[in-house]
Structures are given as structure tokens and as C-alpha cells.
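Just so it is clear, A, B and C label the chains in written order, and each chain counts residues from 1 on its own.
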Amino acid sequence: MEKNEHNRFNSRVDAIVLAAGKSSRFKSATSKLLFPLCGKPLILHLLTSLKELQLQPLLVTGHQEENIRALLDSDSSFSSLKTITQLEQKGTGHATLIALPHINNDFTLIINGDMPLLSSKSLSQFISNHVKSDSDMSIGTAIASDPHSYGRLIKTDISCYIQEEKNCSDEEKLCRTINAGIYIFKTSILKKYINEVEHDIKSGEFFLPDVVNRALNNNGSLQIFQFDFDEIKGINRLSEAHEIQKILRRKIINHWIDQGVWFTQPETVEIDINCNIGSYTKIEAGVIISNNTTIAQHAKIGAYSILDHAQIDSDVQILPHSIIKNSKIEASATVGPFAHIHTTSHLHKSTRIGNFVEVKKSSIGKQSKAKHLSYLGDTTIGSNVNIGAGTITCNYDGFTKHKTIIYDNVSIGAQNALVAPVTIQQGSMTAAGSTITDDVPAESLGIGRARQVNKENYVRLRKQKHREEKELILTETHQTTEKKTDV
Amino acid sequence: MEKNEHNRFNSRVDAIVLAAGKSSRFKSATSKLLFPLCGKPLILHLLTSLKELQLQPLLVTGHQEENIRALLDSDSSFSSLKTITQLEQKGTGHATLIALPHINNDFTLIINGDMPLLSSKSLSQFISNHVKSDSDMSIGTAIASDPHSYGRLIKTDISCYIQEEKNCSDEEKLCRTINAGIYIFKTSILKKYINEVEHDIKSGEFFLPDVVNRALNNNGSLQIFQFDFDEIKGINRLSEAHEIQKILRRKIINHWIDQGVWFTQPETVEIDINCNIGSYTKIEAGVIISNNTTIAQHAKIGAYSILDHAQIDSDVQILPHSIIKNSKIEASATVGPFAHIHTTSHLHKSTRIGNFVEVKKSSIGKQSKAKHLSYLGDTTIGSNVNIGAGTITCNYDGFTKHKTIIYDNVSIGAQNALVAPVTIQQGSMTAAGSTITDDVPAESLGIGRARQVNKENYVRLRKQKHREEKELILTETHQTTEKKTDV
Amino acid sequence: MEKNEHNRFNSRVDAIVLAAGKSSRFKSATSKLLFPLCGKPLILHLLTSLKELQLQPLLVTGHQEENIRALLDSDSSFSSLKTITQLEQKGTGHATLIALPHINNDFTLIINGDMPLLSSKSLSQFISNHVKSDSDMSIGTAIASDPHSYGRLIKTDISCYIQEEKNCSDEEKLCRTINAGIYIFKTSILKKYINEVEHDIKSGEFFLPDVVNRALNNNGSLQIFQFDFDEIKGINRLSEAHEIQKILRRKIINHWIDQGVWFTQPETVEIDINCNIGSYTKIEAGVIISNNTTIAQHAKIGAYSILDHAQIDSDVQILPHSIIKNSKIEASATVGPFAHIHTTSHLHKSTRIGNFVEVKKSSIGKQSKAKHLSYLGDTTIGSNVNIGAGTITCNYDGFTKHKTIIYDNVSIGAQNALVAPVTIQQGSMTAAGSTITDDVPAESLGIGRARQVNKENYVRLRKQKHREEKELILTETHQTTEKKTDV
């Protein structure tokens, strides 16, 4: 019911997200708003919170505008959001002014785009608090242990105003109540005062606090809403992005612990915000789970394994030091250690892929095994197949790629080279050490290797010769030396 | 001497461990008491502390009783401990009542089973403090910064009693002195009051605090012993198990630092409680040491290596990213990086196993080497043997496993397939690229490969043909397109 | 300008570093002063700070003197520093006395050698503060939260003196102002009082605080300079070395964050103090960067990779779990995952080395590839070469090592053995599964493998035989059992 109440308020709110800044203190090739935090670009964290409140904000963009637009377009959750361009960087007041013609609702919510920790719950309280209060405007504040670099909300017996840090008196600097950069206005009030301020300012830059202060000077009513400082932390420097990522990462891990996931070293594990893990699953040290990976229940992910856009079904065991990328592992399969499964590979139920094995663009049938030092590329393998140690599919002939097809119940000998295109029919075998260039018929043996011969006493004789040569060299060197001394 | 004094007291004490609870808030497939913390199931941490005091507790079990019994039976240190069944979960008082007929000693110590951090030293002080005081009973308390969810020990001018959280008045809730769940009674006093309480309660559940409070109401004398809160932390949630495991892990690492082990990143290393490490040994980042592994002095364990039930002798170098499991590495051997030694393998002195090499169920003689991309399975290798890069023992013929035996001073060429069963006699060699199917006699050369032929200008001609075909296709496509346009 | 001022003062200062102690509480095979912290022996951290101030200290050495001398000699920055021997460990006063004959300057700075966190900035302030004050002497102090084990600076209304912990009264022990072990004297004052103290002490050991106290008793003027406690932390135990290494490591990481390096898990990364990283480079979890490694801009170092004396050019991608040692990777190359490049290897621009590939003492030309399960040792490869999966260079014939040379535009087939010495001429190919023992001419095909034959129905017949044998055994076992029962 409370949720519905919030939603009712939210439907009377239009939101503006300020996303035009250049973030000059942020050392990064991309805009800070595009910076990935736990697998999600910075600005999408805030947009997700807004979306949870059914808010469809208008973004004011400028710096790297086309990259931000491309990001929105790439995600169906956000592609319908509108952006508007602020050509010159003339401050948050100016950015709001540009957006206002597109605002039709009773209330206008304005937020800086770089607040990834802001929760939809707090935002919702901020909005409903404002609407219920019937104030002209509300601003979000927080108590900072170190308010340095933030604007302050100064309240005295006779006045209340926002002061930018650079304009703060020594006394004002002691104030620890900071302006969080979150505002909601009655739209009519906002339009009235922003135009007044703009009219005064003329062509220069101006800021939302100027608008708030103007309204206060004209007896506008202000509601103050205090956020937890941790929620409104912004990001101006790369070091702050690191801090916030650490907070986000801990939150994600704690969420999965509460869901019944067991970690042997939770501090060293990375899980992207868009991944999913079933309960009773065990995650060992240093595992990295990213990019929409899903892991079912009762799985085990071994230490230092990396799962990137992987689908791991229940009871799968990923042994340590394995990499799974863009691939699917079905129930009860065992993979690793030191395995590399990638590029749309598919391991069916109860397969067993072992150490130093690469599987690329291949499908491995149920209960099939490739346990040691193999490369399986562009290969389709049936069920109950055994691939001998050291076997290589030769899928590239120096010109183009070809496929290897292995049917059910085949046993490929160790140290084979399977020269694609090639098909190994059902129930057949190949001899160890074979180079298989031709198809093998069903239940037959393919053999492609030379017959061994032993050269008896070869080593004895060679060693003897080696010794003699050495002695000869030594003798010669000795003689040379002697000759030299002769000179 | 002090130790003996404690022991004297302990011989007059019978201990009861309460291990019947269902731990419904603990999301895990097994009982929380079986949950592994630093390689040791939760309940065994407490039982180890008790064992150090020569106490043989009686365990009251219920939930997953058979699993707890199986755990005790699997460990010779604890298999002689007796368990008694509490069929219904009717509280700690009822559990104690069931156990009492088996108690004969002067004093009865009762402890919750889920306190893995409780040290034998503190317990011993608790016991001797009680005996010396000649009180009717002692309870363990602690000062909690957040007492939420704990029972409180309330002391006023006129009374003293234990109050469960749910019954606490607002004022009582402010009390931060919590009941730790550790009790010792004169056995006679315990029997007297537990029967009185049980008689009142009839069939319902009742708790030890009820017994304590009853005794206090009848002028029983109570001794209070304050434990450090960190020691008496219990585990009700999976998140608490994570916290306690972190504390335990730090303790173990600090112990080994004090013993002269050097860690480059102690925060990322895991060492099970049952492992042993010699001084002057260096452990790099992210190493995981578990399952009764022992490491001697002056060894070096490289980053991200995993040792599971391994025996590592002195001066061994395990290079990074190596896995040793159920195997023994003798002095001065070098293993890795990216090596996998497992399933009862045995590397003798000064062996050298290199990258992407798997050794399974094999013995490698002293000073022998296998440095690159090899699989050695079911193999016995003598001393001073060199295994060429890319060599595979073909130990499985698709039906059964066979052994490879290589005697001293053999040199196996690179890229060999050794088809077991096969024996390579002393001092012999095999040629690179050979498939060895037959035994090689001593000091002889085994060679099993085809002779190379060069097809001169083959590539030039093929490339030319390739180009011509491409042009043909292009021409045809062009013609097809033209035809289509014709239509 | 300020820097010049400091330098002007520094030119009037001679420095003595006390480096003779035995560090008996430090469990290590080497002297604690040689202990590596972030890739730099402990004592060199302090010597670097002194060097930044253009100070050339005289070291008083004793325990493991020859090792300290060897360390200095191995580093051109410090090889010109002089050492003087203190034969017996008779205290810091005695050590200073031995050094004094070599001091000619107006001021004498004396520092314990085990303070790796002391910054040149603080030291410089200490010196200039002293010179400007025209005091007889200055001592460095710090406020310790736990002053235990440190000497205290005691100031009362009527006196001021340094008291060793062991001589502290209970009241003095409460003093948290500790003597940091950093002194500067007017050289004339130092010589006067050190001789007086030494004269009294005769043959026993004596300490610098004795000299300070003697001067104070004779109305010498003392300047007190308070350092941050974190800067003057000394190292007496291995556990303290761990703490300090952690602080140093965090400092280094924060430095690189400020330079625009992005870390996904900064807490788990190790970077030696002598390494260099370009901005916009991304470093993933658990990476270890040591031993003068340099990484250019826009590179990416994948999780759990280890770079030891590596040179990584711009836009290089090191994929996870790779090891680069003593090698150079040119721009835009991609390496890994699970690759091992070592022993003066050189990857030219845009090369691609893939999984389970070892490159040793080899040069790989631009845009060449070796993507799967290969060993390239003592090999020179031209540009645009493709090395097929599972290919091994056989560089060791059991007696000596040989080279493989592969010219431009060659395509080596999969699962090849290249038996060195061997040369593959420009534009040629080898067939999959070949053992190449002879040179291949330009644009030709080398082929060295046996022709495949298929034994049709071989498996069907063998399985049938296998079944019959099993049945035979079962029948025989049955008969044997029957016979036994007969008896």
C-alpha cells in the first residue's frame, strides 16, 4: 500500500538528470558517467533507481553526449529516455532552464547524474515527503564528516541559504550539513524563480542553489530532507570511483550471503550487479562473476575462476583457475582446473572437461570427457565420447576454418590430430598418436601413425662419439693454447 | 603448575554440549554445526577446546543427529564421545534434563555447540573460578556493543535474573550484559532445580535460564564470569559464519607470522586450522592451503597456488598458479607455474615439473624433468630422466588403464605419445614426434614417426588456385546478380 | 625555492644511519634491514629518502655487514655510500662514537636504519627546523596510541629527559610521547657530550639518549620535532614488517589511482615501488607487478596475471592468469589467458599469444599468432606467421639446445613437432600432425606424417571379444567358487 502511495505521488513528478558535466578532475578516457561500477556504467545506477519509481527522467547531456546516448540506446530499459543538449557548460541552473520546456508535471525532481549509491527507497521518501509537505521546494542534505568541497546549507536564526564552498566564510566552512544535489520543486515555483535568476545573470553561468536562494529570499517555503551521506556520495575523482565500487561490491556480496551463498573469502570476490547465484552454491576465493552470468543452486565455483556471460546449471563444479566465457554448462558437469571454455560453447549434462583444455565454439554431449591438454574448436561431440589426452582439432588449414564431428560412444586416442573437416562415426576409435585426415566409419578403428623401430645401442654409441668429440675439442683447445703460449 | 591445577578441577567436571538445534535461520544444506570453518566443522572447534582440558563431553543431538554422529566417528579424537538424542526440540533445559542421568561428577558444565571461538584457556578459567568460589552455579556473560537477540543478565539492587530478549522491558533491553550460553552448576543443585522447573512446566519447552532463575529465587549463589564478546560469538546466520571464519583465518595467519612465515599478502591467504608451515617459508598472494597440508622450512609457495592434502618438503619452490593435491613433493623440487600434481603422485628430490604439466598417480625420480605441456599418468619415472615438451602418456586404451615405466637416465623426445603398457629401459632415448608403442631396450633409440617430404612450391600453387577460385566465385556471383537484375 | 632552502641546510649536514643491530626478535634468515618491502630492501627505503635530500649517509654496520655492503654495491644509487664496522653491539651511543671521526660538517643527523616509512619531506623539515632554531640538538618524537616498548620523552615543570621503557616509573609509562630514534646535533655538541658519557661508561654499552640527557643536564638546548607516528614506525618483529608492507602497498596503489590507473580490486593488487604504470591502464584483481616492470598507457592487465621485470607497451591486453617474466611485449599485442612468456622473449606489435602457450627465449614477429597449447623455445618467428594448436618446438635433443627459425607468412599446421635446428622458409606451410626434421623451402609444403588407414569393424569385433573374455572369467570364477564349496 505504501508503495502504491509513492507511485501515486511519482506520477505527478517529472525528473531531470544532470549529465552534461565534463568531470575534468576524473582521469579517464571516457566520461565519468560511463565509468563501469560492478558491471554497470555509473549513470545507469541512478537511472535504475528512478526506473524502480516509474520515473522516466529527461537527461541534460553535453560532454560525450553521443556516448551517453549510445549507452541508453544499447539497453532496452533506458532506450526510451530522452536527452537534451546543453551546448555550453553554464551550470546546473542553466541546464535545468534548458530542460524546463519539456516538463509538464506538478513537480520537478532534479538530480546530479553521478550518484550511484542513491536508493529508490530514499528517493521515494524524499518525493512523498515533499508532496505531503506542500512546500515550494525540498532539497536533500547530508551530514558529512568532512564537508570539504561541498556546498553547505547554512541555517541561522534569521535566514537559511545554500553557500558554495568557495564563497564560505571561515565560520560557514565549519557547517557539516551539505547540499546533496537533489532537489524537488513545485514546477510553477521553479519556472518563476529560474527565470528571474536567469534574467539577472544574463549570459553567465548559474546554479540551482541560486534559484533556491532566490526563492528563499522571497519567502518561498523549503523542506529539508536528510539523506545518509553514504547514499549521496558523488564521484569527482577516480579515487572516489574506487571507494564507491568497493561499497557496491560489499553490498552485492552481502546480498548473496543473505540468499544462502557461501563464500570462503568474500572480500576477494567480484560479482557484477547483473548476475544471479542460486542458494547453497559455494564460491571460493578470488572468483570473478560478470556480464549477466547466472549460476544455479548447489554449484561450486573454484578459486580464481572467471565467469563472463556464462550460464552455470545446478550441481556444476567449476574447479579452480577456470575461465568460462559466453558459454553454457549444463547440470552436474565438472570443468577444470585450468580449463578455458569460450565463444558459445555448450557442455551438456555430466560432461567432464579437465586441465589445460580449451573448448571453443564447440558442443560436448552428455557424459563425454576431455580431461587433459586438448583443444576442441568448431567441434560437435556426441554423448559418452572420450577425447584422449593431448588431442588437437586442427580446425584451421591456413586458409579457412572447418568442422569436426564426433558421434556418440567414440573413443579418440591420446595425442591425436583431427584434421577438419572430418567426421568420426558412432562407436569408433582412433589409435593413440594418430593424425586423422579421413572420416572413420562406425565401430571402426582409425589409425594414422608410423610403426616404431628401435635402433639398438644407438644411444650408447652416440654418447661414446659425443665423448670422443669433446675430448678432441679439449685436446685441440689445449694444443691451440699451447701454440698461443709458443708465440 | 597452573595447568595442572586446572586439570585437577576439570577431572571433577562433566560437560554437556547442546547440539540438537535446527538452526532454521541458517541457510545451508547441512546443519550449521557441520559447517566447515577454516577446514574444520563448526562444532569440532568447541570440542577441540574441551579436549584440550581433558573433558569428554556428552552431546545432546537431534537435528541431523546421524550426520553429527558420523562426523565424530570419522575423527579418532572425537569418536569416543557419546551422544544422546533429544527427540523433540523442547529447549536447553529439556536437553540438559535428558543428559543428566549420565552425569556423575561434582560439577556439570553446559555449553551451546555453536561457539567456535571459545578458547580452552578462557573455559579453564571459568571452571576453576567456579570451583574455587564454591557457588551453586556460574554463568558466562559478555558485554555486547549490540545486545540485540541475546538474553540479558539483569542485576538490580534487590534481584538478579536472566531475561530472554522477547520478554525484556524497554529498560531491560538497554542492558548490554548478555547471557553467553555457558553454565556450570554443582550437579546436585542442577538436578534439584531442573526437576522443580520441569515439574512446573509439564510437557512444554523450558530453558536453562529458567533453572538459573529458579535457583536464584531460592537463594542459590551465582558466580558471574565475563568472557570477551569475541570469544562467545554464536552463529545463527550464514553471515555470522562468514564473520567468524574471517576472525579465525586472521588468527591462523597471525600465528604463522609469529612462527616466522613471510606472507606478501596475508589478507588474501587461506590456511586451514589443520595445516603446518615451517619457518622461513614464503607464501605469496592468494595461496590456499587446506586439508592437513604440511610445508617444511625455507619453501616458497607462489601466488594463487592451491595445496590440498599436500606434503611439501624443505626448499621446495612451488611457482605461481600451481595445484598440488594428495601428493608429496620432496626437498628442492621446483613445480610450476601452471602445474597440476595430483592423486597420490610423488616427486622425488630436485625434480622439475614445469608449465601446463599434469602429473597424476605417478612417481617422478630425483632430478628428473618434465617442463612443458605434458601429461604423465600412471607412470613411474626413474632419476635423471628428461621428458620432452608436449609428451603424453596414453594410459587409457578406451577400455582400461595401463602403466608407463621409464628407467633412469632416459631422454624422451618432445611431442611423444607413450602408449601404455610400455617400458623405456635405462639410458635410452626416443625421437621427437614419436608414438612409442613397444618397449625400448637400454641405451637404444626408439623412433616412431614418418619421414618428412617437402612438396616444393605447393603453397605457391595452392594460393594461386585459391585466388583463381575466388575470382571465379566473384565472377559467378556477379553473373548471378546480373541475371537477377535481368529478371 | 623552499626546496633550495632545504638543500642549502642539508649541505651543512652529515648523516649517520645505524644499521648494526642483530634484530634478534625478527624471525628471518636475513637481517631485517635486507628484508624486501614492496620490492625494495627495508634499509633502502630510508636511504632513498636521504638521497632525495642529497644526503650521503655513513652507515654503521655489524650484523650481516657483508650482506648490507653487497646490497649497496649492487645498486648504483647507493654503491658510493661508506660503511664503518661496529664490532661489538654496544648501543647507539657507541655506534655514533665510532662514526664521529668521519663527520666534518656543522650538523650530524643520526637515524635508525629500520624506518622505511620516513619521508624525505618530514626529514627535511626536521633538519631545517633544527638549523633555524640554533639549538644544540633536536630529537624526533611522535605520539603513540600504544607507547609500549618505546623510550619516552618526559617533560616536567623542572626537567626534560629521555627514559628507556625498562627504567620508566609507572607514571612515566603513561607518557605517550615517544623517542622516535631520529636526532640532529650541532657536531661540536655531540662530540663534547658523547666523549663525556663514554668516559663515564668505560667499556659498557651506551645509547644516544644518554648523550641527550647529559647535554640537557648541562643546560644544552633541545628542540623537539613531532613526526607522525605512522612515519617513524620501526620494525622489530616479522608481524611489524607485514603491517608496514601493507601501508606501503596501499600508498603505492593510491599513487597510481591518482595517476589515472583504474583497479577493479585495488586491495588485492601488488605493485613494487620500482614499477611504472601509464594512465588509462586497467589493472584487474590480484595482479602482481614487480621488479622494474613498466606498463604504458591504455593497457589492460587481466586478473591474477604476474608481471616480473616485464615491459608492456601501450594498448597491450594481458588476459587473465598470464605470467610475463623478463620479456617485452610491444604495442597492441594480446597475450593469454594462461600464457607464460619468459626468459628474454620479445613479442612484436599486434602479436597474439593464446592459452596454454609458453614462449621462452623467443622472438615473435608482428601480427604473428600462436593461440593454443604450444611451446616455442629458442625460436625466431617472422611476421604474419600462424602457429597451429598443439605445436611444439623440440629445442633440446637430449644433449644440447638448438634454434628454430620461421620466416614471414608461414603457416605451421596443428600438432606439429619442429625438430631444431630447423628453418621454415618464407610463405611455406606444414601439414597438421607433422614432425618437421628438415628445412622447408619457401612457399612449399612440409609434410611428415603417416597415411591414415581405417580398420573397419575393428571396434565391433574387439568389444565382442572383450565381452566374451569377461563372460569366460565370470564362468571360471563361478566354477572356482563351486569347487571351493565342494571341499
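As a convention for this text, contacts are C-beta pairs under 8 Å (C-beta built on N, C-alpha and C of every residue); 3 or more make two chains touch, one makes a residue touch a chain.
Because the structure is a prediction, the values reported are computed rather than measured.
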Interface residue identity across copies chain A, chain C - same or different by half: different
Superposing the C-alpha atoms of chain A on chain B takes a rotation of how many degrees, nearest 5? 120
With centres defined as the mean C-alpha position, give me the chain A-chain C separation in Å. 31
Which residue numbers or ranges of chain A touch two or more of the other chains? 267-268, 286, 304, 321, 338, 356, 373, 390, 415, 429, 449-450
Can you list the residues on chain B that touch chain A in the complex? 27-29, 238-239, 241-242, 245-246, 267-268, 270, 286, 288, 304, 306, 321, 323, 338, 340, 356, 358, 373-375, 377, 390, 392-394, 396-398, 415-417, 419, 427-429, 434-438, 440-441, 443-450, 466
Residues of chain C touching chain A in their complex? 254, 257-260, 262-268, 279-280, 284-286, 298, 303-304, 320-321, 337-338, 354-356, 372-373, 386, 388-390, 399, 411, 413-415, 429, 432-433, 449-460, 463
